[in-house]
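Shared between the two complexes below is chain A, which has chain B as its partner in the first and chain C in the second.
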Partner chain A sequence: MVIVIVVASLGGGFYLYNTVSDPYRTLTPLDTQSYLENSNSLRGNTYKLSATIENSLSWSPSVGRLFSVEVETNTGNSVLPLLIPPEFNQINIQKGQKFYFQVEVGDKGLLRAKGIKKV
Partner chain B sequence: MLELQQISLQVGKEPDEQTLLNEISTEFPQGHFAAILGPSGCGKSTLLKVIAGLMEQTLGSVHWEGRNLAEGEDLEPHEIGYVPQFSIAYDYLSVWENVEAALRLRVGGLSNDERQERAEHILKEVGLEEIADRQVRVLSGGQKRRLALALEIVSSPALLLADEVTSGLDPKAEDEIVRLMKKISLEDNRIVLSVTHSLRHIKLYDSVIVLYQGHLAYHGPSEFLYHYFNVDNPEDLFPCLTKRTAADWHRSWQKHGHAYVIKKRSIANGEKQPSKERLSLLFEKPEAEPAPAGEEAKNETDYQTPGAFTQFQVLLARRWRIFLRDRSQLILQLALMFGFPFLVVIFAWDGLPQIQNLNMETKTNVVQALIEKTTFLLQSSHVGSLVSGLVMFQVVLLTLMGSNNSAREIAGERLIFEKEKFAGVRPFSYVASKACFLAVLVAAQSIWMAVFVNVICRFPGDLILQIALLMMVNGAMTAVCLGISAMMKSPEQASLVSVYLVGFQLPLSGAVLALPKTIDWITRPFIASYWSWSGFIQTMSDTRFYDVIKSVTQTPLSNIQLCVWVLTTHIILGLFLTYTGCKHSRWE
Partner chain C sequence: MKRLVFSCVLCLPLILTAQVPDAPAQQAPPAAPAGNASGGQPAQKQPVPFLGKDVPSFDPGSEILTWDGKNWNVNNNRLFQARFEKYLNAPEETGQQDKEYQLIIKAILDKLAPDVVTTKSVDEAFRLLPRASNYDIDARLCDSLADAIYSAWRAQNASQRLEYANDALEKERKQNEWNAKMAAGQAKLENAPPGGKNGNKSVSDQWAKEQQLKRDMETQPYITRLAEILALIKVNQAKKELSELQTKIEFQALIVQFFLQRRFQHVLIATRFYRAVFSDGETKLQVGKDAKDLFAKSLGMPPTVGTLDSLANEAIRDVREGIQAYTYLIQKNELESATKRLGEAFTVGEYLPELRTLPRDKKRLALEFSQKGNQLISAIEVKDYTLAEKLVHDLEKSAKDFDNSKPMAAIETAKTVSALHLAKAKNAAVSGDKQTLETELKEATEIWPRNPALAEVSGLIFSQADVQQKALVDLDQLLSQHNYRQIYDDKVRFIAAAALYPNRQEQLTKVLSDMQNIEGKIIQATEISKRGDYAGAWETAEKAFKQFPDDSKLNLLRANLTTQAADFVRTLRNAEEMEQKDQIGSSLAWYLKAQKIYPSSEFAQDGISRLVKKILPST
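Then we have the complex of A and B:
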């Protein structure tokens, strides 16, 4: 009985640790190189993006917050634009913070956050 | 009939093996009142415990109505009563409440009127009807022993074992108790075996057993006791035993005992040439007329042990009654519940300070950017430490309350529980009643802590989730300490271990000082305060407070789901530990 409880608790804990700490682990990571070369071709797709906030570029109560984010790639760091829609207005975002984003590539290749998780 | 065949009991391992009982064979017919005598340490109480099934003999067997109890069915809880040396009644309950609770716990199938009638009858029988509404804590020693006997006869057991129930009583009270036991033995054809040091009422017993160093030195009529040992005064009996070895006494009784049996039988029958009879015939009484079929059936129904849920209800109601009557415990609980949140809020009486964020735009003025960053870091350090500390303070105080809730809960009444378990109370019902009682305390303490601190300090984040996490850490510590309480031998031990457990919570949580990574991984799963603290902070993850806490703490924060999972596991393991500890016998 003790063994069953211990195994169940460890198994459940391990599962939760893996699933909840990175909720977007099942999504394909955004290929930064492809995006920079032809963002339009990725339009309508959803990706996972691990990025660090670099700068606030613009803000509008109705459209949301536009940030430049830094993404690590094999060839070095790249900076991408990312729109955080107003439904995430309650989330405090500051410079240097790292996030996992669920992003959708929109019209004209604009990256729009559909989900946010602080790392 | 109760029959003991070659009962031996050895404890320890060679070469330190000790023989507590040595080849004891004897028997007791129905409706018999016997005393078990002997100097201290001769095995009197041990023999009683072997008969009761609380200790298992190494050799030999105990037979009840012809069936071997070790092989066949054991005695049903309602068939046997055992009155131990310690008090088995709750001090804060009245005499009536104790007897009524015992009836509800041990005898099923009674209507309220029948139960009331039976309780009245029992109290009248033991002479406590006049003081039925008096609380046990104000009773005299003799009255407490009467109550103990009353509690044991609620199910009309056919076998009643009394372990030194007259010790420490004044001569008058002792006289009353022995006469009461004699009276009880005369009812329902009951066997009553009483362990005693006293030889004052020797003539009241149908037979007397004398044990010496675990050997049976005598089991015969009380009137021949002094003749057999060749002493004139009762006080000379025990010194006389030291004149021969225990084995000698044993052999002597085996050789000459029969003559005493025959003598008694002859006197009883007025015979000149007695025939050889079995020892049991010596004490035999006329057979009672068989009860009418209907009445027998009714008695069978009366003696059913109540169901698990009924026992749970009775135990829970009794626990609340005791809690509300025990003023000192009530005041302590209220003081902790209302006082601890005040300790938290004095650090943030004016609410949490507001934080200025870093400028999100890249500045060309490097000096201004550096000043801004330094100011932000100082501010983060101050506010982050304050908020993290306030959360941890709530958590640690609740773990302290959890420990206080349950550390003595079972250990403090363990012997009474063992007695009730022996009488048919299920460990599951007992643990469930404790869990429900403590759950109410945990909920009240945690909700009040969370709401009060939130109102004063204005913590951001989901209040319901914060309440849940505080409740869980309190519940986890309460459950684990309840498990400790069920496992430990004494309330002092249980309190000490629980206090140590609380003491480890703050340093090992990593909230104040980051632990080395290896130690952190090993200890973290066991430190409930870390999971509650971490989960509580995660409820503020959208806010600046979360960001500043992250910037000042080196200990990684776990997500809420994982925190809830680990705390739930603590609660389940704590309750499992409690159940296991309660199932395990702890008479000593």
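Then we have the complex of A and C:
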């Protein structure tokens, strides 16, 4: 009984920790499929995106850094482009790192990070 | 001797029609006035000379007879060949009639032989002439001779009568002279009136004049008659001389005719009769200038009856020797020389018994050789060198002395030159030089029209031309259809056809280069496909397709690979579609997905690079 209580406490604690540590838990997750089919239709919306850094595509001091990120979906993994503006330059972003992103679907359907929280 | 006889033989057709005795007294035409030479009057048409403009001459070295500006080879002459072949085919004349004829001729000659000739033997010989002329072989020539002799005798009788007449006239002339002399002597100037005495001189003169007139009147008839008689005597003398000369010339003309006809036995008979009939010793031939030149230029001396006699004897001997040589050469199987000797003997003495009695079996050998020789000449003339070569080999087999150097030189030269032209024609055909091709083919045809290689090469060239033309038409058609695959599959034919046409060659080179490229891509895609990398294979095919969208084989491969790499292809298509719609986010996401599927994808990488540049232009 004690063991069960201990395990339940640890599980509950972990869940609670995870839930509490996601600062964008109130945002709607990005519908990857809809984005792929018509990103322009999502322009102006803000979504939560949990993704792993796949590759750095390019970098511009004025515009920011462009990454390809891998997102888990119901149908499998998808790779999406994500622009990290210069205000997040202080955050080191490397391949394989997982982040929570607050993203906005910007002009021409491009995803732009508005907030970043490392998992 | 032979030169003269050959000349005569070749002139025979003309001579036989033109042989007439020359004018009895060849009077020189009156000298033309000096003014005529200046051409003030229209030139009168000159009569054609007896032997043309020139005297015939024969060159024994080349066997060429030159006459009136024309040349003949006596052995290569249609007239000669025809007569010679007729002779060679004729049976030998050894029948009873031929023997009898020759016996008569011999008897005539014997009776007229210089050592035995008498008036009686001449008469006996004369009586044999009509008998000889009864035989066909004689061709009535003995009759002609008998007529000439008879005419001469008649002329001589007439001369005798004129002689008697002249004697009578001479007597009458003498009588008249005496009468005139007597008449003039009786009329003396006597009993003159005595004018002198009484001094009347005028009466005396008048009387003397009357007496003179009376004497003239009495002698005048005698003087007139005397003049007439003298004129008659002169006329009779001229008639006598003219009559003798006329018959002499006619007789000489007959002898010359016999000689030109190569009737040498008749020449001998005629010359012997001539000497018997005209015993004045004058034997110089009274023939025209042309006929005289014919003998004089050949013999170097003026012709006489004796000349003709010796020439006839020499000809008979020559023919006899020719026949002996022929018989010997036949035995030695030297047919070429034998045939030539027989031909020469025939040319000289066609009617002599030595030739006429030669057995036909012996003549046939020469005939066969002669026929083949003539056939060879004809074959070379018409440039049928195949036949000519065959005949040369046949002749070599049949006659061991046959000299093949001349015909073989002609044949080999023609063959070589023809082959040379054909080779040039072939080269011209290959290099597309149509003008040279035509010229060389024409040259080759002219040199050897029946050259078997000519038809073969012509056929080859023309069939090549057909094939080439068809290939060029096909090439143009396929180029217009952009059916480069068909051109590539048939490239050997089109390369050969377009080789002569630079424009088409350039087009073809580009097509083949492109097709090589396509083929390379197809092989590459197939190999990648074999490794299971369908996306990579498709991308290879797709890149080639973008460059060469019309190639069927590539299209088929691309279609197959599209099926096999459907996920990758669909992802790329979506990326491109979104890019076209300017949905950069979606498009880039699709490209990234495609790259995830096939990391080496150039299409995906290109798309990503393109879009990244749009997003971050400053980089």
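Annotations
Heads up, the rule we're going with is that the second predicted complex is superposed on the first by the 99 of 119 C-alpha atoms of A that agree within 3 Å, B and C clash if a C-alpha of one lies under 4 Å from a C-alpha of the other, contacts with A are read in each partner's own complex, and residues count from 1 in each chain.
Simple rule for what comes next: a residue touches a chain if its C-beta (ideal position, glycine included) is under 8 Å from a C-beta of that chain, and two chains touch if they have at least 3 such contacts.
This structure is a prediction, so every number in the text was calculated from the model and none was measured.
Touch criterion met: A:K108 reaches chain C, while chain B stays clear of it. By the touch criterion stated above, A:N38 is placed in contact with chain C alone, chain B being left untouched.
Applying the stated contact rule after C-alpha superposition, one finds that A:N92 touches chain B and leaves chain C untouched. By the touch criterion stated above, A:S78 is placed in contact with chain C alone, chain B being left untouched.
Of the two partner chains, chain B is the only one that A:I5 touches; chain C does not reach it.
By the touch criterion defined above, A:L66 lies against chain C but remains apart from chain B after alignment on the C-alpha atoms of chain A. Looking at the shared chain after the overlay, A:T26 reaches neither chain B nor chain C. Look at A:S58: by the touch rule set out above, it reaches chain C but stays clear of chain B. Within the complex formed with chain A, the residues of chain B that make contact are 357-362, 525, 541-544, 546-547, 550, 558-562, 565-566, 569, 572-573, 576. Residue ranges of chain A in contact with chain B, taken from their complex: 1-2, 5, 9, 12-13, 16-17, 20-21, 53, 55-56, 67, 90-92, 94-97, 118. Taken in their complex, chain A has these residues touching chain C: 35-40, 54, 57-63, 66, 68, 78-81, 83, 105-106, 108-111.
The touching residues of chain C, when paired with chain A in their complex, are 574, 578, 581-586, 588-590, 592-593, 595-596, 608, 611-612, 615-616, 618-619.
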